[in-house]
Every structure is written in structure tokens, then in C-alpha cells.
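Before anything else, here's the structure in question.
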Amino acid sequence: DFMIALENDIKPAFGVSDECFSKYILNGIINFGEPVTRVLADGELVVQQTKLSDRTPLVSLLMEGPTGSGKTALAATLSMKSGFPFVKICSPEDMVGYSESAKCQAIKKIFEDAYKSELSCVVVDDIERLLDYVPIGPRFSNLVLQALLVLLKKIPPKGRKLLIIGTTSQKEVLQQMEMVSTFNTHIHVPALSTGEQLCSVIEDFDCFSAAERATLQKKLSGKRLCIGIKKLLVLLELVRQTEEGFRVPKLLCLMEEEAGLE
Amino acid sequence: DFMIALENDIKPAFGVSDECFSKYILNGIINFGEPVTRVLADGELVVQQTKLSDRTPLVSLLMEGPTGSGKTALAATLSMKSGFPFVKICSPEDMVGYSESAKCQAIKKIFEDAYKSELSCVVVDDIERLLDYVPIGPRFSNLVLQALLVLLKKIPPKGRKLLIIGTTSQKEVLQQMEMVSTFNTHIHVPALSTGEQLCSVIEDFDCFSAAERATLQKKLSGKRLCIGIKKLLVLLELVRQTEEGFRVPKLLCLMEEEAGLE
Amino acid sequence: DFMIALENDIKPAFGVSDECFSKYILNGIINFGEPVTRVLADGELVVQQTKLSDRTPLVSLLMEGPTGSGKTALAATLSMKSGFPFVKICSPEDMVGYSESAKCQAIKKIFEDAYKSELSCVVVDDIERLLDYVPIGPRFSNLVLQALLVLLKKIPPKGRKLLIIGTTSQKEVLQQMEMVSTFNTHIHVPALSTGEQLCSVIEDFDCFSAAERATLQKKLSGKRLCIGIKKLLVLLELVRQTEEGFRVPKLLCLMEEEAGLE
Amino acid sequence: DFMIALENDIKPAFGVSDECFSKYILNGIINFGEPVTRVLADGELVVQQTKLSDRTPLVSLLMEGPTGSGKTALAATLSMKSGFPFVKICSPEDMVGYSESAKCQAIKKIFEDAYKSELSCVVVDDIERLLDYVPIGPRFSNLVLQALLVLLKKIPPKGRKLLIIGTTSQKEVLQQMEMVSTFNTHIHVPALSTGEQLCSVIEDFDCFSAAERATLQKKLSGKRLCIGIKKLLVLLELVRQTEEGFRVPKLLCLMEEEAGLE
Amino acid sequence: DFMIALENDIKPAFGVSDECFSKYILNGIINFGEPVTRVLADGELVVQQTKLSDRTPLVSLLMEGPTGSGKTALAATLSMKSGFPFVKICSPEDMVGYSESAKCQAIKKIFEDAYKSELSCVVVDDIERLLDYVPIGPRFSNLVLQALLVLLKKIPPKGRKLLIIGTTSQKEVLQQMEMVSTFNTHIHVPALSTGEQLCSVIEDFDCFSAAERATLQKKLSGKRLCIGIKKLLVLLELVRQTEEGFRVPKLLCLMEEEAGLE
Amino acid sequence: DFMIALENDIKPAFGVSDECFSKYILNGIINFGEPVTRVLADGELVVQQTKLSDRTPLVSLLMEGPTGSGKTALAATLSMKSGFPFVKICSPEDMVGYSESAKCQAIKKIFEDAYKSELSCVVVDDIERLLDYVPIGPRFSNLVLQALLVLLKKIPPKGRKLLIIGTTSQKEVLQQMEMVSTFNTHIHVPALSTGEQLCSVIEDFDCFSAAERATLQKKLSGKRLCIGIKKLLVLLELVRQTEEGFRVPKLLCLMEEEAGLE
């Protein structure tokens, strides 16, 4: 059913039980092209592998890519759609102001809960924030780092299976910490890079007229750019606030400033 | 009504409920020229966006500029005039001598209160002070930094909207901390840079005679200088203490020493 | 009986008392060639020496090699097969989120328990994790390091004998910490390095047909590669998920990407 | 009345309420020349400004100069003579062995007391000591530094006025800490630098005969030297202990050794 | 009686009261040549000096040499044979996992007990371990270091005499810490360096036949090598485990690998 | 009476009340020449100044010189002979294993006790040890340093006088810490540097015959050497243990090795 989902976009229509995922996928998953298809397909395979293999009761997947490229939304989507009986997002948002050791305990608790279910998925979101990482120094919580390094290798109890999905925009840092190689697999989540992908997102938006969309398509086709889906959505929302008629030039101007459109 | 306000200056005439803002806008907002108009207009747009957009329930704005350029007063003004039901200034002044973790809790509390209102504005004032930043080392509170980095990305609960306005005179430092890119928008708040702007402030002051003002206008027009509005007001106050007749040369002398007037 | 075991592979068939070792030897010990034979033989000698010598009541052995080369599984196997009345694995997995001093106490407790038995074996697994080591800084727990350095030299009480088996993938770091020279002996546990060794593992796997195995043997024989047994097993499991017929090219492709097969 | 005071020296004759200031002005203020006159005049202006201006309820003055140049005595004098209802010296002498946070609380308490009076003066003495500063490292209390940086900018409550006088012999260090620019004004307190200034102090001393003073005047006039008033007073006291007749050469000798007199 | 002891080896035959020393001299003291004779003679002189001199109630001796050269066994021997009423070994083995301050208190306690006896000897064993020293950083416990630096200079109470014997394999580090110069005397404890010394140890061992010993003597005489007595004993024990007939080549091979025998 | 004492040596003959000083002057003060005379005379002057001057109620003296040059014994002597009603030695020996803050409190307590007496003397012995100083890092207790820096400047209460005598062998370090300039006066305590001074000490010793002393005088006169009195006394004591007849060559040999005698 993933493949079906990919043909259309995944709309943010959550049931009660999905409530807590909704804020991570605020604007749904817009399928703006091959990268999205590929990320979801690769992720889906890892989900299946966890479900089916007996020899690998622990599977771990790192989703890495630039700021705002949609890592969290995609990880949340994968875990939510997995249908596993236990799915949990371990997010720094729930640990604001926690001491290193409180953070550690909270993380450990999530994994211990996961070990209790036969089939579990834990999303370890925004690893650099969980680690309190800052490039000045650099500084980070070694207590949390060591806990994660161990939990990423710890086989669940007999008869239990666990999928760990991590997200980060600091792959190089995690590599220095020898965390990247501790994950079994990696998926790169890229920013939008072509005019076609951008048009694809615009199609999905109700704020441009058909004529405007045609103009944009002509102007953008074949062009290179670089912008994360998250920032793009904020800018489109900004464009929407401007008066009709001014929107196309405004968008192109913003894309030049913020996305390096030539 | 912002635009109206801009035509005249914003005088510090606070009602009871505005009491707590008054100390941040001690001498009102003197509209000394284009930079002030622009900052207030741009800021106002961000306020409107927060109010109107449904897809971006979290909007964040960084006001950065040199020491004493009026960042705090302008942020306080924007938030106060927004008319949002919940407006709060998160200021280091209320956290003197707090431990890192007490600071964190205080900040977190303000955001949690904000999440309870449908439409909120939180001014995070003087971020380098909240972070206990000092260039020697450099040293800063990573606990507070991480809390801010997370709070700046955390979507408010369903149906709630939040505008975060940060102020800082240490943009480069925040950039290294990857905090600048976490804000959605930035507004630069410059110091006064021309003789015309200086004259504009002087017009607003009751301490020079019409003749003196004319002399100053002649002497200053076309000149470059560099001084924050905050320091300028202190120096004008000093000039006022000197005897009549000596004020014009005293002011010019001070501007040469302290504002680099040629 | 070790030598017999070596002729066949050691299958993971644990009794009740071996339960706790099973997770460390999840996929048994596949005897893929000379390195495995040698490691087990050398290890067995050290076990015998502990049992028989009177002048050396304390024997210590460091098993070092690249990530995933099978150190933990081999150490667990050696200790389990030793037949010593007291055998314990001191693993970071049981100390997630422990403070430095809690870690120390836990380690000390294991040794104190070992001293109570006439003949004991303690596996100190993943020493870099016990030390909370991270190359950035570098940082590590000096409290744990010092405890280990002392325990590695401390003669057990009169009439007691102790074998300590350490494992690490950070030999150079332990050398700088002067821990390597504190061990009596070292055994290098290498990754798989030849096509023959790889074929040996494949023989052991039920996922390829005889024809496929023959093809692989031809393609791989005489080739160099480099992959730890742990990662290899994950990849083979991945290959198993792909459709029949596609498995051989898939494996070869993976080996090129991940094991440097030419 | 300051100007009158300047004509004569300020003798240390304290009433009961001045008791606590006496130890900071142990040997009065000897008016040895222009620098003393200037420092007191400039300081007096700042005191008047605090009293009279309505727009600047917070005035801050940094008195900086070499070790022993008389900064503390002068700051104590200014504050004592201000006649403000609340005057307090915040001195490291009252915080020996305090923890960083106890120091912070003590400082904060003084400011909070000051805010309660309509017109207050707080002397923040020996800032480098309050900061526990040492050039090796360098090390200092960031907690105290941040508290001071905030208190130096914090507007007192409506209707209250506050003058803050800081003293330091480490101007460059405070500059790096961005504290110097946080003060509104600075006054430089120099060491004695001429033979004439030295003679001026000697005149004030009862230990030389008129003939000796004449000799000294001749020998010293036109000469350069460099010595803080504090150290000079200790040396004069030492000279006094030597036998009559030997005092003039002894003094000259000491001045050569310790004050660089040519 | 030391000199008599030197003629024969000191066999590990301990009475009840010597129980606690036995583990430090597990394999006795084998007199393999001049270095052993000299160390024991020099040590004995220091013991006598403590006993006899009235002007030096505090004598301190540092025994330093490479890892495993026998420092601890020799220090234990000297102290045990001194016949002093109070003899104590202050060893890191009894302080595993202690906090810095607990370590300090334990050390202090031993010295305070020693001060209560008229004639005492305290062996401060493995000083680098007591200091939690690690070359990475470097890191060490300054609390323990400072305690030792003071205790090494502190004169015992009137009428009491104290001999302190320290051991270390990190002389250069202790020199940087200014601890070496705090000791009154130093004795260097070398590793074995000649074939003759090695033969001397072999003579003492019951595992080679007379013929084998003759062969070894011929092969080894005049050769240079470098190995600590501690490691040598472990290797000889290993050789003993191999079959008769293979022992001589095995030993020579090991000596080439581990002792640099040419 | 100091000058009388200087003609003879000061023998260690303490009354009951002097008990606690005796351990600091274990072997009396041997007047081996000009340096001893000068140090005692200069020190005595400082003592007199404290007693007599009214304008300098706080006098501070730093005695600095190489390890073992006799600083502590001389400071103890000066303070003991001062006849001041309150005399106290603040020594690291009484603070073994104290935390930084316990050390601070202990030091503060001594000063507070001193302030209660009209005329007091506090010896702050071995300042580098009170500061827990170690050159690696360097590391030291900033808490203790700051406490000392403040106490060295703090005027005692009205009507009280205080003499502070510090000792150190780390003048350069204290200079970097800006502590040297905080002392009013400094006295250098040198090691023995001439053969004549050495002979002077030997004269004082009962262990050489008249003939031996004559030989030594001839051999040593005009020679340069460098040895602290403390170490010299230990070596002389060692020489005394050797057999008669061998003592002169033994002494000369030791002086060559340890004192650089040519």
C-alpha cells in the first residue's frame, strides 16, 4: 500500500491514534519526484526486512540530509505506516531542559517499552539535538551518545524485533562519533534540486491560478536550485499572503534569494 | 494602524496592561528615517502572517543589529501592538543569578504558557545573555542553547499559533551555533548612519532652540556617522545638562568622539 | 572438544544456563577458515593455562579487531566452553545511562563475585563503550579506565584463579591508555578477507541453490575483500529478501559496495 | 561642595554612618594635582546627571586605572559625598570563599535593595576580583559576569534612579568580556607621574622638615616617575621608620627602585 | 640479614602476619644479578637511616623503573623485612572505583595510623594509579596529587619516625608534577638486560633439564635483551605448558618476540 | 634581640607554647653567612613596621626562594620571635584532602581569628600547595587563589594590625597570578652557594673531627655550589651513617652529585 500512497501524495488525515504523529507531518508528504519515491521505497524495504527476517531481530536505519529536507516527516510516515504494534518517536521536543541523565533515562525507557512488544519501531529524531550538539567546542552530551551507541547494537530479548529509525542533518559529526557505522543502513533525504520538483510542489498548492502555474513551469523547467521542502512551504505560505498578481514574481524572487535559483 | 504610527513617532504612553513593556521602550520609538520604517513594516508583515496562515502555526523572527540600536524596544513594540491575547518578554533581566537549569525551566515555562493561548507572541530578548555567552573561551550555557534550538522548531499544539521574536547583537555567534538558520526570518536593526537621521532625532528633542537646530542641520547634512539610538539618547541627555549656548559644540564634539563624525 | 567443535561450526543451541550467552552468539560461530580456527585455538590455550598454572593465578587476554569481526561472539564462546564454575559477561548493554561511578561499581561487583569462585572467567566486552570513549576530544570515563587498569593487575585471593577476556575495536586508543600492555596476551580477530572465506560462509547459508553457490565460488575465488562477519550476515539476510534469481547479482553488487570486492 | 573639597584635601573624618566607608579611604584623598581634580569633577558631573535627568534613570560609570592608583578610595568618596539616600559598596572583601552562586546572590541582593530607594548609588568594587578572574587560563566566574552584564543594563523600576560606579585595574579584560561598553561612561584614574605630584603628597606628610622638603622639591621637579598613591603611602611610611637625616636619600632611592625615577 | 638473603633468593614463605604481603611478592625475589643486589642493598641503607638518625624523622624513597620490573615486590620485601612495628601498603587495588576524595581520605588514614607508631613504613604503591593518571589529556586526580605532595613533606609528630617508599613506572610524569624532587632518595629498578641474568632466572626454575639449561646458557651468554621479571615469569609459565623437547626453541622464540633478543 | 640571635645560631629550644612551631624549625636556624643575616634583618624590619606604623595596619611580606632553602623555618622563626599576641601558621599540612571550599573556609577562619587580636601575624606557608598548584595544565584552586588575593588586600578592622608572611618556591607562577604584586614586600631566601657557607654549616655539626673539618675547609674554600639547607642536612645525616674515615670523601662526592660542586 506504500506504492499506492506514492502515486498520490500522503495527505495529513490522521485518526485518533495517529494524533501524536500529526505534528511531525504537518503538511503531509508531497511526492515531488524521484527522491521521495526512492526514500519511501527504500524505507519500506527496511520495514519489511524487520518484519520478516529471523536472523536480524535488530534493524537500524539512519535517514540523513540537509536541514528541513523532510527527514522527520518521512521517518514519522514510515513508522506510522509500518503497522507495528509499538511505534514511538523519541524526540528532543519532549525533553526540553532535561539534564543529560534525565534525557538518558527517557530514551532508555522508550527502548525498554519497545522491547516489551514483539514488533516495535522507535524513531530517534534529530539525533544532534538529543546529543545537545553544538559545533563550538564542539560540545555534546557523551552520556546520551554512549547510551545511543549501545542501544543501537543491543539485541532485543528473544522473540522480539526492533526497527530503529534515526534522523540527522549532521552526518559528518555522527561519523566522527562512530555512530553512522553503527546503523545497519542509511537513506539520504535530499533537498529539492530541480525546477521540475518545485513545480510538482506548486501543483499541489491551491494558491496559483492555472495560468500562473503554466508561467512558472516555463520559467523553472531545466533550472537548478536547492531548498528544503520545509523552508519551501514557509515561503509559499508567505507568497500566498501577497496580493494576487504579484505572486509569481514574488516567488521567483524568493527562490533566487533563498534557493539559489539562477 | 502601524503605518499611521510610523508617520508620527510612537510615544511611550502605556496603559496599565502595558506597564511591563514600558521599561523596554523607555524613550518611545523615534522615527528617524527609512530604517525604522522598514523594520516596523517588515515586522508587521510577520505578525500578520502568524495571524492569517494556517499552514505555518509557528513563525519565528530574529531581530539583529549592533549594541544599542533599539532591538529590544522595537521587538517590545511589535509584540505589544500585535494585539495577540498572549504576549510575553523572556528577558535575562528576570533571571539574574539563575543556574543554567533554572534559566531553562523559566524559558520553558513561558513557552508552555504561550502554547495555552490560541495566538501568542514570545520575545526572546538578548539571546546572548540568555545563553550566558562570553567571547573568552568562548563560554555559554549549552543547556539553554539546546532548549532554545528545540523550542524554535517545536510546533505548538493543534489549533495554536505562536510568533517568536528573538533579539541579538551577536549574529555571527548565533550563526556558528546554527541558531540563525533555525529562525524563519531575520530583520537587521541598524545604528544611525547619517547626519539627516541624527537631525531627525534632534527635532524630536526639546533641548535645542530653532536656531541651534538649524545650525546643526547645516553642519550635519550629508555627513556619515555611526551610533546606536540608545547611546545617542544618553549623550543628548548629557548635552542637556550643559549650559545653554554650549550645547551645539558639545554635541558635535561628542559625536566626533563617540560616533565617528568626520 | 574445542578442536572437534572447530571441524563443524558451533551452532547456537543453548541450554537453560547458557540462555544469557545466546544473545552474544546470535548466529553461532561459522568456521569460515584459518582465522577462526586460529583464534579459537589460541584462546583455548589461554583457558588451559588459567586452569593449570599455579604461578599465574591471573591471566588476561585481549581480543581486538575491526568492528563486527565477531569478537564478542568469540569471547562469549570461549568463556562458555571453558567449563569454569563462574563465567560472567561484563557488558555495556547492562549499563545504559549509568553514571561513571555506577558503572564502576557494577564492574567491581562482577570481579568481586568472580574472586569468590575458585576458577572464574570475566568477559569485559566492548571496552571502548565501558569507557564511554568518543574520539572527539577525545573523551572517556577516567574513573572506569582506572578501575579496569587496576582490576587487570589485581591478583585474586589465595587459591583463586581468574581469566579476564577483553574485547575492543579500538586497540590504538587502549594502547595510548596503557591498557594493552596491561593484558598478558592479545589475539587479533580479523574481518573476512578472501573470496574463499566468503564462500565458506555462503555454504553455511540455506538461501542459495547449489548452482548459485557454484557460480559464486567461481566468481569469488582468488578475490580480496574486507567485511566483518556481523555485517556480512545482515547483508546475506537482505539478499534473502530479494526474489530468487536476483540473489547472486545482488550479493555481488553489495559485496562491491560494502566489502570492496574488485 | 565638591569643588571646595578639591581645594583642600578630603581628610578621613567619618561620622558614625560613614564608618563602613572609612576603611576604603584609609588615608583620605590627597589632592596631588590635576588628575585628582579632574577625576573628582568628572565623577561629580555623573552624580549630578543621575540626580537631575529623567530620561536616564540608570547611569553607570567605570573607574579604571593601574593597581593602587586610588580607584576604590575615589569611588567610595564620590558615592559617600553624593548624598543619595542609598549608598552601598559591593566589595569582594565581604565575599571571601563564597561560591559563584553565593556571590551572585549577594550582588543581586545589593541591587534589589538599591531599587527600593528613589535615588541609589552602588559601587561595584574590584570587578576582576568579584569575577574571580585570573589570567592563567584565563579563568573567571561566568555566572557573576553574566549577572553584572545584565544588572548594568537593567532599568530600575519606575520612579527610581540608580548610579553604578565600577572599579577595575583590568580594563582590557573587561573589554574582551564586552563589559566596558556596557558602562555609560569611563574615568581613567592614573598613577602619579611627575615629581611635582610627588612633592604635593610629601607636603601633606608630617615626616619631612621644611629643609628636606625643599631639597626634595629641587631634586624632583621636572622628573617623570610612575607609582600608585597606595604604594607611595606605604613607602613613605617605611621612610618614616628610618632615622631622621637618612630619610631624603632613602626616599629617593626607593623612588628609583619602585617608581622608575630617573 | 638482608645480605644473607641476597646470597640466596627470597622465597615466598610468609607467616600469618605476612599474609597481606604475599600477593605482592607472588613469586618471591629471584636474585638474578647485580641490579637486584644493588636495589636491595640501597633500600636496606635507607631503612637503617630511618631507624638510626634523629635529625631526619621523615625519610622518603622512590623506587622507579619500567613496567613489571619488580618494583612492588621489592618495596613490599623491603618494608616487610624492616621489622618496623607499623608497615602498610597503600595500594590502588584497595581503592577501585573510589572517588577522588574517598581515595584521599583512605591515603590520609594510612598516614595518620602510621604517625601513631614510633617507627613506621608506608609503601605508596603504583603512584600513577593512585593519581588516576592517563597520558591522554593528560588527566589525573589533583586532589590525590596534592595530598601526596604534602604528606611527603609532613614531619611526623615528635618522637615518631616514618619511612615512605613510593613505586612508579612514570618517573617523567612525576617529575613534571614536582613529586620526584619531593622524595629524599631514588632507586632505579631495571628490567633484565643480559642473557646471563635470564639464565640466572632459568636456573631457579624447575621446568628445564640440565641439558636444556646448558644449551640456553650457550645461546644466551653475551646477548642483550630487555624484559621485566614479571612478564618473564608469565612467559616461562607459558613455556612450561608446551610439551617437553619444544621448550627451548619456544623460549628463545618468545624472547626474540617479546624481549628483543637478537 | 634578633641581632643577638644572629650572632649565634637559633637553636631549636621551644617552650610549651612554641610546641607547634618546633616542627617547622626542626633543625634550628644555622647562621651560615650573609644571606641568613640579611633575611632575618629585613624580616625583623617588617615586623617592627607592623608594630609601629599607624597608617599601614596591614603589612604583607613574601619570602620566596628555591625548594628547601629554609623559607618555612625562617618565616616560623620571624613570626615566633615577633612577640605578637596572635601568631598562626596557615599550612597545607593541616588541610590534606580538604575540598577547595573547605580549604577556603579554614584559611578565612585563621584570618578572622587574627582580626580579633590587636596585633597579629599569619604565616601563609607553601602558597603553591595551598593553591593545589601543579604545572601540568596548569591546574590550581581558583577559589583559594581569589580568597588569598582578597585577604592580602583587606584592611583589618579599626584598631587592629596584621602582618601576613607568605612563603613560596614558585615566584613566577604567583607573578602570573598577580599575587606577587599584591604583597607589600618580598625577601629572597637563597640556597647555599659557596664553599664557605657549606663549611659554616659543617662547623655546626658534631660529626666531623677537627682535622676533617680543616681538610674540608681547604677543599671547599672559593668553590661554587648550590644546595638548599634542608637537603644539605639530610645528606649530612646520611654521611654520618657511613663509617668514620670515609665521611669526608663521601660528603665531597655527594656535594658533586647533588650540589653541583666542581
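The letters A, B, C, D, E and F name the chains in turn, as written, and every chain counts its residues from 1.
Note that contacts are C-beta pairs under 8 Å (C-beta built on N, C-alpha and C of every residue); 3 or more make two chains touch, one makes a residue touch a chain.
Note that the structure is a prediction, hence the values are computed from the model and not measured.
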item: Touching both subunit A and subunit E (chains); value: C
item: Neighbouring chains shared between subunit B and subunit F, ordered by label; value: D
item: Chain hops separating subunit E from subunit B, counting only touching neighbours; value: 3
item: Most remote chain, CA-based centroid, reference being subunit F; value: A
item: C-alpha-based rotation, subunit B on subunit C, 0 to 180 degrees, nearest 5; value: 120
item: Computed distance of Cα centres, subunit D from subunit A, in Å; value: 61
item: Distance from subunit D to subunit B - Cα centre to Cα centre, in angstrom; value: 35
item: Residues of subunit C touching at least two other chains; value: none
item: Cyclic chain order when read starting with subunit B and heading to subunit D; value: B, D, F, E, C, A
item: Contact set on subunit C toward subunit A in their complex; value: 22-23, 26-27, 67, 92-93, 95-97, 99, 129, 132, 134-136, 139, 233-234, 237-238, 240-241
item: Subunit A-facing residues of subunit B, complex; value: 45, 48-49, 52-53, 55-57, 101, 104-105, 107-108, 138, 140, 142-143, 145-147, 149-151, 153-155, 157-158, 176-178, 181, 184
